[in-house]
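Naming follows writing order (A, B, C and D), and every chain is counted from residue 1.
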Amino acid sequence: MDIEAQVKDALREYDRNLVEYRRLRETCETEIPSHLRQWGVLDFRVEARVKKRGSFEQKVRRDPDRPVLDMVGLRIMTFFRSDIPQVEKMTRRLFDVKEDSYIDKGDLLSDASFGYRSVQFVAHTRGDGVGGDFEAGIPVEVQIRTMLEHVWAEVEHDFRYKPQHEAPSADINRRFALTAALLEQADLNLDDIREELEGR
Amino acid sequence: MDIEAQVKDALREYDRNLVEYRRLRETCETEIPSHLRQWGVLDFRVEARVKKRGSFEQKVRRDPDRPVLDMVGLRIMTFFRSDIPQVEKMTRRLFDVKEDSYIDKGDLLSDASFGYRSVQFVAHTRGDGVGGDFEAGIPVEVQIRTMLEHVWAEVEHDFRYKPQHEAPSADINRRFALTAALLEQADLNLDDIREELEGR
Amino acid sequence: MDIEAQVKDALREYDRNLVEYRRLRETCETEIPSHLRQWGVLDFRVEARVKKRGSFEQKVRRDPDRPVLDMVGLRIMTFFRSDIPQVEKMTRRLFDVKEDSYIDKGDLLSDASFGYRSVQFVAHTRGDGVGGDFEAGIPVEVQIRTMLEHVWAEVEHDFRYKPQHEAPSADINRRFALTAALLEQADLNLDDIREELEGR
Amino acid sequence: MDIEAQVKDALREYDRNLVEYRRLRETCETEIPSHLRQWGVLDFRVEARVKKRGSFEQKVRRDPDRPVLDMVGLRIMTFFRSDIPQVEKMTRRLFDVKEDSYIDKGDLLSDASFGYRSVQFVAHTRGDGVGGDFEAGIPVEVQIRTMLEHVWAEVEHDFRYKPQHEAPSADINRRFALTAALLEQADLNLDDIREELEGR
């Protein structure tokens, strides 16, 4: 099959499923918060989005044989870093996690390096779990990170990929790394404060 | 008039206006982002909320003669601290700012102190500006702060006002202040990075 | 007695005692380190100095009736903040501390402020203690601080009192405070690291 | 030649030269400060030491064929990081630097990593330069670093090489790296402050 045909097929599929994707996005935004609270996570922000048609088409064109798995994106941001394992555990109950897609970006940093941190994986609806009335197997791209990690990631991503920018210099890279270190220290402090105040 | 009567009147007013408040909240969330982009502010988050009925009633009971001005709350968070003056300028164009309500909490900190930072004021719809079809004079409580200031403010507020907690110790206060300093340094770094990359 | 006569007397006294002051300075630099080790403090730097004649004369002229108590200055800097109480205890054994001169500059900072930190007091030789062969009652001005506190104090003092400089701006004061906060966080981290590695 | 004979020869050489090494150490401590001031570096600390006999013997035993080049060690610590290039330039005038020994440890860190920073090299007396009356070719091991880099290096070295300690865990390594980042940020701030106050 030639690329144009593949793209056309993919877009037809996109259009057919769009309503369902939107409903899944809304379900995530509505249901995840109450699940989080049940799991004892009280300070968070949940965002979900459906991939834009144009951005979907671009991705298909880049590699038409590779399935697009981030039609629906779910991002859970915590105010406390120590809540992340619990958020991950909850997500594993609500969805089927595709283990080979799982990556903890923070693990890619050496002991002495600072930068992008985010837990990311593809999860499939289970038929029960979130949105019990969705058919099983719809992929959702999940990101779990702290709020401070998120701010850093957004700004850094912005500068790194804006087309009008040159590649950041070594000096800029270093300042980004310094800033990541400051935010990681802040995240540690917030956990220490909570542990002292709540004993957890 | 006795308090119960005042509260009853206030709640009747609340119920009558609720739809309008909700419409204003949605209008803020929809229109403010495009205004921000027109004013050159590209990295932000806008949140608006309508005060909950119970929380409104509590506030009326505490002081029935004082008008409640935060029925609609609008929070604009920037990824760059240096965007805050521009956001403020924009807000002054879109609303009538009640100058006597204006406070820059950061100005309350001495040169050597670190803590809560947020620009806050009450603004009134103008009849034009945001939501041209709202009548003039509906109050909106506006908060403008950076994302990092926001994370700190949320966590600190949480711990300070949770009823089950004792007053934070001097040691906890110090760690909060240290963390505020780290985040302020991070905000300065992000501005430095942007200035170097974009020359602004 | 007129000022000139007082100054002349004071300088004569200075000249007569200079050899003794120098011997006390050297004794401090030699003996304090081994005392510190006996008290379990292993990472430190000890500096002692005798006040310069010109600087002594200036001080007398400013207030001829006030005794000069910092003819000999002793500064003990620790690599770990948690060693400071032990250093202070040791100093109290080796000298007679004049309690009304005692000040912990860090205590002057509010919970949320960052800046100059140093424990300072006047101590008198005891006849035994350091330099058992000195007569009792020679004053020594003692400063105890961490190395990081010291670096900050030196730079800040330099800029604040250099005659060619104007008073630092609010912005400069804030950056000094930010830097003090970073160094305080670093001191806390080093203590945490030691506690984890050595269990103390 | 067998090892014992080599060690014996080396120790005989050590003993013969010890007085000269000590004189060179003292000359460094006395003369380097005034050279630094002439080169415009005003805030610094200079330390020199002669290698202890036992530590010398150990080093010879480990590799008897390798000449020991750190009999005299000279460490110059600056309060401002931006003074380091000037200190290095000065050192190159006063000594003959062995270029193949030169290493800037900070260059070994990737853009995103934080840790040990120090400029290090072997320099030889020139016959003129520092201590004009020393014969040419006596090696001096030179270290140039900021005060804050020094505090970190001392503490980290201590923990890493104390025999009673196990290898630091990943968590400890990370806290050391975080602390290095905080101190690097502090060094940048002090340079910014100086630049703003002095325009250099």
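The rule we apply is simple: contacts are C-beta pairs under 8 Å (C-beta built on N, C-alpha and C of every residue); 3 or more make two chains touch, one makes a residue touch a chain.
None of these values were measured; they are calculated from a predicted model.
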Original post:
What is the chain whose Cα centre is as far as it gets from that of chain C?
Top reply: A
**OP:** For the copies chain A and chain D, give the interface type as same if over half of its residue numbers appear on both sides, and as different if under half do.
**Re:** same
Original post:
Where the centres are mean C-alpha positions, what is the separation of chain C from chain D, in Å?
Top reply: 27
Original post:
CA centre of chain A versus CA centre of chain D: separation in Å?
Top reply: 47
Subject >> Centre-to-centre distance between chain C and chain A (centres being mean Cα positions), rounded to whole Å >> reply: 53
**OP:** Mark out which residues of chain B touch at least two other chains, giving numbers and ranges.
**Re:** 176, 178, 182, 185
**OP:** Would you mind writing out the residues of chain D in touch with chain C in their complex?
**Re:** 43, 79-80, 147-148, 151, 154-155, 158-159, 165, 168, 171-172, 175-176, 178-179, 182-183, 185-186, 189-190, 192-194, 196-197
**OP:** Please give the residue numbers of chain B that touch chain C in the complex, ascending.
**Re:** 109-115, 170, 173-174, 176-178, 180-182, 184-185, 188
